[in-house]
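First up is the structure itself, then whatever we jot down about it.
Note that the chains take the letters A, B and C in the order they are written out, and that residue 1 is the start of every chain.
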Amino acid sequence: MPIAVFAIAIGVLLLIGAPIFLAMLVATFASFELFAPPIPTMAIPQRMVDGVNRFSLIAIPLFIFAADIISRGQIGERLVRLTEAFVGHYTGGVAMASVVACAMFGAMAGIGPAAVVSIGPIVFPALVRQGYGRGFAAGLILSASTLAMLIPPGVAMILYSVETNNSIGQMFIAGLTTGLFFALVLMVYAYIYARVKGIGKLPKVPWRARWLAFRRAGWALGLPIIVLGGIYGGAATPSEAAAFACAYAIIIETLIYRSIRFRDLYKISAASAATIAVLMILISAGSVMTYYMTLMQYPVQITRAVAGVSPETVLVFINIVFLFAGMIIDPNSAIIVLTPLIYSAAMAAGIDPIHLGAVVVMNVAIGMITPPFGLNLFIGMTTFRLGYWEVTRAILPFVAIMIGALLVITYLPAIALFLL
Amino acid sequence: MVVRIANWMLRGIDATVDFICATSLLAVTAVVFFNAMGRYLFSFALVGAEELARLLTVYLCFFGAYVLLRRDGHVSVDIITLVVPAGLLRLLRGVVGMVAGVTMLYLAWYSWQLVGFSMRTGQQASTLPVPRYVFFLPVAVSASLMVVASVDKVVRAITNTLPPLPGWTDETVAADADKGKAR
Amino acid sequence: QSFNMKIAHLLPPGDPRDLGAHAVADFVMADERCDISAQVFPSGQLGSFTEINEGVQFGSIEMSVQPAAYMAPIEMKSAIIDFPFFWPTDIDELLALHKGPAAQMLAETFEPHGIKMLDIWHTGFMQWTSNEPLTTPEAFQSKIARVMPSSLMTERQRLFGLNPVTMPFSETYSALQTGALAAQENPIPTSYNMRFHEVQEYMTMTFHGTLDQFVSVNMVWWNGLTDGCRDAIIEGVAIGNAVTLESTMEQEESARAEMEASGMTFVELTDEERAAMRDIVFPGIRDWWLAQTGDEGQALLDAFMAEMN
């Protein structure tokens, strides 16, 4: 009953155009007042602050700021031109390169939204210029960015391993092969899409011009090197790499390219701050909603509802539960709260624990881009300036493909496990 | 007259909050950057730096939420608002303003209680030499400001002085794309 | 009259303190004297350590099992539990101290903060993991180490010569793997449960501190309970203490065996090596702590020292 009220309240408010964070808060506050055992209500603002007072989240404002500086200056454009010079003449080449960029960049940040906000603003205009629809471009970036959670390192996989007492190293290897499989599926789709639509193919660029594009990229190339090198090389945490990216971009754009003046920085900062707040307030509202559901032990109830089902259906059930959870609560909380509940049932059914981890993480990731509700969906709206309806329509084919790929992963454990 | 003073005050609040947001972001960047540089170049780490960056992010989040409410910049579902006639849209925006006002009043009320509680217990931040309540202050202040912004929305809906929604038309986006920008 | 008790802690299901918390919950729910429903929320489901402390203070969480380091921001005097090279490495001696009059004095320091501290649970001795043995003070110099977000722990690592960095537990694995961190300190079961042996080569057995947990409850809630409930909870917590201890001891052995099997090298310290570390770290921490806790701190320290001799 409470859950129905919850859903209806959110639905009505959303339909009349209320901000999404507001709809979440109204439903949560009302549920606390009406259905929860009395707790000191001070816990509500406390949990809202806690939701954004997180170490792993600091990377997000910094990546958004860096992306804003880059997309207003020339670094992004020069990097895109370089990519076009080398892969632009292949059908779907730039789209496939975008998938690789999102997977790599997202991978090191380890959290889904980071790739959308950092790579998105740079590759989105390039894709549009190549003739891809804005919907396709947004859908491709949003779905490729979810790979961040699978390709190591990733907080979600670490949490799963710790919750279930499995090797993080093995989980990372399974995440890598699973993530590469998903990237491959997306690239094949991008290729077919470009082929069928007859787009995404530029004339072949002679080597001389490629060399020029490379020379022109010069300083701009330092940026991916700093960020990827910094994190994979162990010199910096993702947040620090993002801060380095900001500092490097500021120096290159103001002093070398002279495309941005120092006094513009304040304006860019104010504009970035608004983008950041869109996201952070959603995370904050999501965390108080998660708090309510945890307190009410909804996950326990859901899991109890299927106690005693046949082993064959356990995996389907896990798919559904985690996909749904990924839609409404943040991925890390979903893993912390739900994994212990389904784990013993899955083990009893003879499922490989590492394989289960890959399935769980991917489910939660897909949940983030599955309409009607999902954090990355909303982030896509602000990053690409798309309406809710546009994003929803654009993402559906990608969600269908990702779920198809997920089913393959679920029933062919070898994809996740063959390197182990 | 009252309206003009109210508008003048709201603009003052907007400018102040904008300033807080912009400087918070610049400060987060500087704190994380110099802390990392210090650690790797001079083996010197400020233990509170990480918590300071988080604190600034909290300010960014809640004050930014106020800015977005003022500018109708929060993400929302536009399935109905895109197609309804102007009169109905005005009504819906008034209703949303009222819901926002009540919700933010509720939040502000409990946030100030939390700030007061935290002040009385005297708890400190874990690594930063500041009292813990400074983490809760932005929710309390911002929720209070959002009550004011919501009242403004309702008044504007009644007097039919709401600004147009900042809808992203295909033209503005196409123009942006030409300039090589996504936003 | 029926009650509800939410028990919050930060570690995953199956950790010794989680088993202890479940033992408390199971015992009080089965007990005839008390009509109470109890749930355990592991893995920081109800918030991180600061939020759990606040929750216990304002009553959204009834009971917490938290490392002493995380209670220090509330009451610095309680940080004496984290003194390095101070507590006996003999379990029986340590447990006797946890039950003695000085520990009672320590418990009372929480009362002005709205918290009733019921018990101290032992969850192991701190050891260092790293990619080289840490047997001499020189070996620690300028290494970047993960520190619990506590001022005493930070000062303690500085005295070792380390560069302390705060970092959430879930991020520490990656940082150790990439080399962004060079070392971290924890009891063997905790390091094992966090899989740190996958990314670290050495465990140096310094026994430099304990990782002991304060079991605390909201004071107002506690005072509003029936006598039967209070008795049942006190007995339940004592059972939880035993369960946690037994599981810690078990995991100390089984985890060590598995870590060794996976290629980790365990390095024992000689008495001289340990004494050299003690001379560097202990006096500094004692003076640092006394400077903040004054005469009351001195009295607490004297009380524990009196029981030790």
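One rule holds in what follows: contacts are C-beta pairs under 8 Å (C-beta built on N, C-alpha and C of every residue); 3 or more make two chains touch, one makes a residue touch a chain.
Chain-to-protein mapping (UniProt): A = TRAP transporter large permease protein; B = TRAP transporter small permease protein.
These numbers were taken from a predicted model, which means no experiment stands behind them.
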item: Chain-level touch network, classified as line, ring, star, complete or other; value: complete
item: Greatest separation from chain A - chain, by CA centre; value: C
item: Contact-richer chain pair [A-B vs A-C]; value: A-B
item: Distance between chain centroids, defined by C-alpha means - chain B, chain C (Å); value: 38
item: Separation of chain A from chain B, taking each centre as the mean of its C-alpha atoms, in whole Å; value: 23
item: Computed distance of Cα centres, chain C from chain A, in Å; value: 35
item: Residues of chain B engaged with two or more neighbouring chains; value: 50, 117
item: For chain A, residues contacting two or more additional chains; value: 42, 46, 54-55, 235-237
item: In chain C, residues with contacts to at least two other chains; value: 54, 58, 167
item: Touching residues (chain side chain A, partner chain B) in the complex; value: 13-22, 25-26, 29, 41-42, 44-46, 48-49, 52-55, 57-58, 61-62, 65, 68, 71-72, 76-77, 120-122, 124-125, 128-129, 134, 235-237, 239-240, 242-244, 246-247, 265-267, 269-278, 280-284, 372, 378, 381-389
item: Partner chain B, residues of chain C touching it in the complex; value: 49-50, 53-54, 57-58, 70, 73-74, 113-114, 142, 144, 147, 149-151, 154, 163-167
item: Chain A - residues contacting chain C, complex; value: 37, 39-40, 42-43, 46-47, 50, 54-56, 110, 153, 155, 158-159, 161-163, 165, 167-169, 231-237, 291, 294-295, 297, 332-333, 336-337, 340
item: Complex interface listing, chain B residues touching chain C; value: 39, 43-45, 47, 50-51, 117-118, 121, 123-127, 132
item: Footprint of chain A on chain B - complex, ascending; value: 18, 21-26, 28-29, 32-33, 35-36, 40, 50, 53-55, 57-58, 60-65, 67-69, 71, 73-82, 92-93, 95-96, 99-100, 103, 106-107, 110-111, 113-114, 117, 135-136, 138-140, 143, 167-168, 172-173, 176-177, 180-183
